[in-house]
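Here the chain labels run A, B, C and D in written order, and each chain numbers its own residues starting at 1.
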């Protein structure tokens, strides 16, 4: 697995790859993989570089900043060193799959805690030795509830928050505070069948495919930048509940994929879309 | 390939399969395959039975009518004996794929003609020895145009009409006249990205999957009963045009599948949904 | 979910469906779904019928035996009433996924126990309250080991045995004793890359697809009747270990599907192949 | 579409990307996309760089050769400027699909001619205005037949030869002469079901998936480096012929994909495997 990763994000201009790789070469770093993309509709450049070495030599980031345009956003991450908190409501399929993968060593992060607005997922979390926090939303307003959630998040300071079927909507304030740090899994297809009972809608419409979308959370409900999508075939013999069950299988697969991409720092967000370097 | 096929469609009640197979047995028919489905939300029964024999013995349909409830809709079809007219506008990918399959013996029907509102697909159709009719919609109103189309259709009397990227909308009158006989292929996902430039919308939204849906044509634009759907993965490096190109590949695959299902009489329509016996 | 299911398996002849449904009708049973298939290469008939009712009226099986050819094999199953024992070795991905589904109510059976030849999966099993039996194969011969396994199986009397990455080969005697009752999940494609280190072989060959096959266990190693197969795309950037990791994801999906088909009694075995009524 | 492309292939060492992009920057070239891969099992580096500009300035290749290790293999290609000859035997599905795509502008190459050892595909080729050469293999030995094929190939000097269901085996001499220039489509899975009647074998084995593999042609029959693979689900109700028909659909899709990758110069061959930059 790659360990040291650089994320560079800046307006496109000639020679960017040359200037970046020159700095890395000068510091004696061996590049393991390089991925770049130029969004030609906005003339924007993004690059993900993984290089060998236990740590990044001093001065690399500084030299990159000197060498690149002022607007450049340069980030460094150590893969395997990430941390997440998972939030869920009552459904165990996505949470359980993530915890299983975590216990199998397939999640390159520390799963610090599970937060839920109900208590029924406690035994599942604790079976995998992950601390569980039930923060009920009942009888309190959204602001108070979010404050309690934030209190727990403050305690862990996770790099990312993974919504594994967390069924409550965050306020703009909350979303802003964790900008580009919260990902969600959404049944069915975005932007189709928005609203209540999507599987009932899908059933009534007689769809032949059921899907799921993992996306970043923004103020636009279920409309943040898409990270991953997949589908599963269904047919007329599926009841609405069986479609939902098929949907749960896609959801857990797509969310697991998105979490992996996120924790390996393979995702850039630009102009409302993601660039995903698989 | 199956040849003699019965379609039975009626309110569910006990003993339907028994009564149907009793009639077939009494007439000495050998059933090759039987497929039934009960829509339990509406208590409705559909059954497709294929049996051996060059022709259906006299009296079978009559005896079935006697044996089954009055409301039963009983249809008989001879597979391989069907006929279609294909309608297209300017894009050759779906039409070409159907013509190729036709010439390879993979379409169990006579492709009687191609009708287009433009002339550019003439050489493609004629290369496969299929008569081509250009009926321009320019400078005439929709009613007049449809009358001209109907005139050609009358000449061929096709069992089905396949819209292979025909980009004009039919009037309610036209659709009514060919109820349950017209199928269409629609880019992207129904009901998502309805409107102009769906691939541009998909590109801007950064979707990771492109799809196509084949459906019956009803008055609700692009909302008729779904026959088949499929998808293809795309990513950030696809331009809107490349997404459209990927989309064309899915479109042709899905339409070909729907045409095959249609001509093998594997589709029932009930309550706005299809039952497809694959 | 369907509850009462009949499996009928016999040489094909005219009127079988009629005779079967006549008996059911006579006993006042309401058929929920019927699926039949005739293997025309061997003139063999199989049928799966699900009907409503908490229990099967007395005499139905007897009357079917009277009505059908002597060679007919007629079985009755109550879905939801099944029981399984899972066997595994050291890898947790398939076992964990099955246990999760079991705890979510998605496995229509009682998971009675987990048997392993190692001890490391004990905490996973016990986290889901499933008894765990470690039966080491070390320092004893295969016959003795199998006798110990059988002793535990005798105690549970499961309907089926699911090998969820159980890495030991059974003797012919063992396989015979549980004929058509053991299913297995196999990496990669059958019959491709048989032998040691299949993912290393797949990597060296530069395959672009990784698959898994669920099958019944017979004397022919990894060659029993296939139940389900699926694949996942891979590419040049995958190491052998990453291919194996992708493979694990397919394995768990395919095994879960096969287990569901098995427990819903949707599988027939005839002439070395399966007929799967999905 | 990209136009100017560089392929660089050499033993890995520090600073390769830096040295390459330095040369391009010095010559004022704007990189559109860069893709690199290091095969860490052999310490080998490959890079594909697409840059803007109608032509490559003089001296770029020379400067790259100076800047890079002696062993480096540096190739330049102009996309859209490629040419191919298609070879087929009797089956029209792959050839027809390629010709349709060619006529739709979806093949970035000049399809110069079709060569077959039979005459039945003549009208299909000529319908798309592509010259057709029937070179019968009957009553002559392989050497003589290949000499005749080479004579026609010499006349066209294609960049690549696409075997679209060409059912004859080439001699080592022929393969050597067109090393890394011939691609083939193979039914079923490599290396599974090698031998005669693969679909019959697949049918008898009761497979649930049918696949196709596009690969470079080497001396090892059907064992050259894999370019692309895909599958299609099948089930017990498919006859061997229906499996073959499903297989034809996968074959044409996979071959079309491989041809596009080839003509856009997205494929490297190293150590018997391909690196495909999609």
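The definition used in the following text is that a residue touches a chain if its C-beta (ideal position, glycine included) is under 8 Å from a C-beta of that chain, and two chains touch if they have at least 3 such contacts.
Labels paired with UniProt names: A, B, C, D = Formyltetrahydrofolate deformylase.
All values reported here derive from a predicted model rather than from experimental measurement.
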item	value
Farthest-lying chain, centroid of Cα atoms versus that of chain B	A
Pair of chains joined by more contacts [C-beta pairs], B-D or A-D	A-D
CA centroid of chain B to CA centroid of chain D, Å	35
Touching two or more other chains - residue numbers and ranges from chain D	33, 37, 237
Chain C to chain A touching residues, read off their complex	33, 92-93, 96-97, 100, 103-104, 106, 124, 127-128, 237, 245, 249, 253
In the complex, chain A residues that touch chain B	37, 40, 189-193, 204-209, 211, 225-231, 235-237, 239, 272-276, 278
Chain B-touching residues of chain C, taken from the complex the two chains share	14-15, 17-18, 21-22, 24-25, 28, 30-38, 40
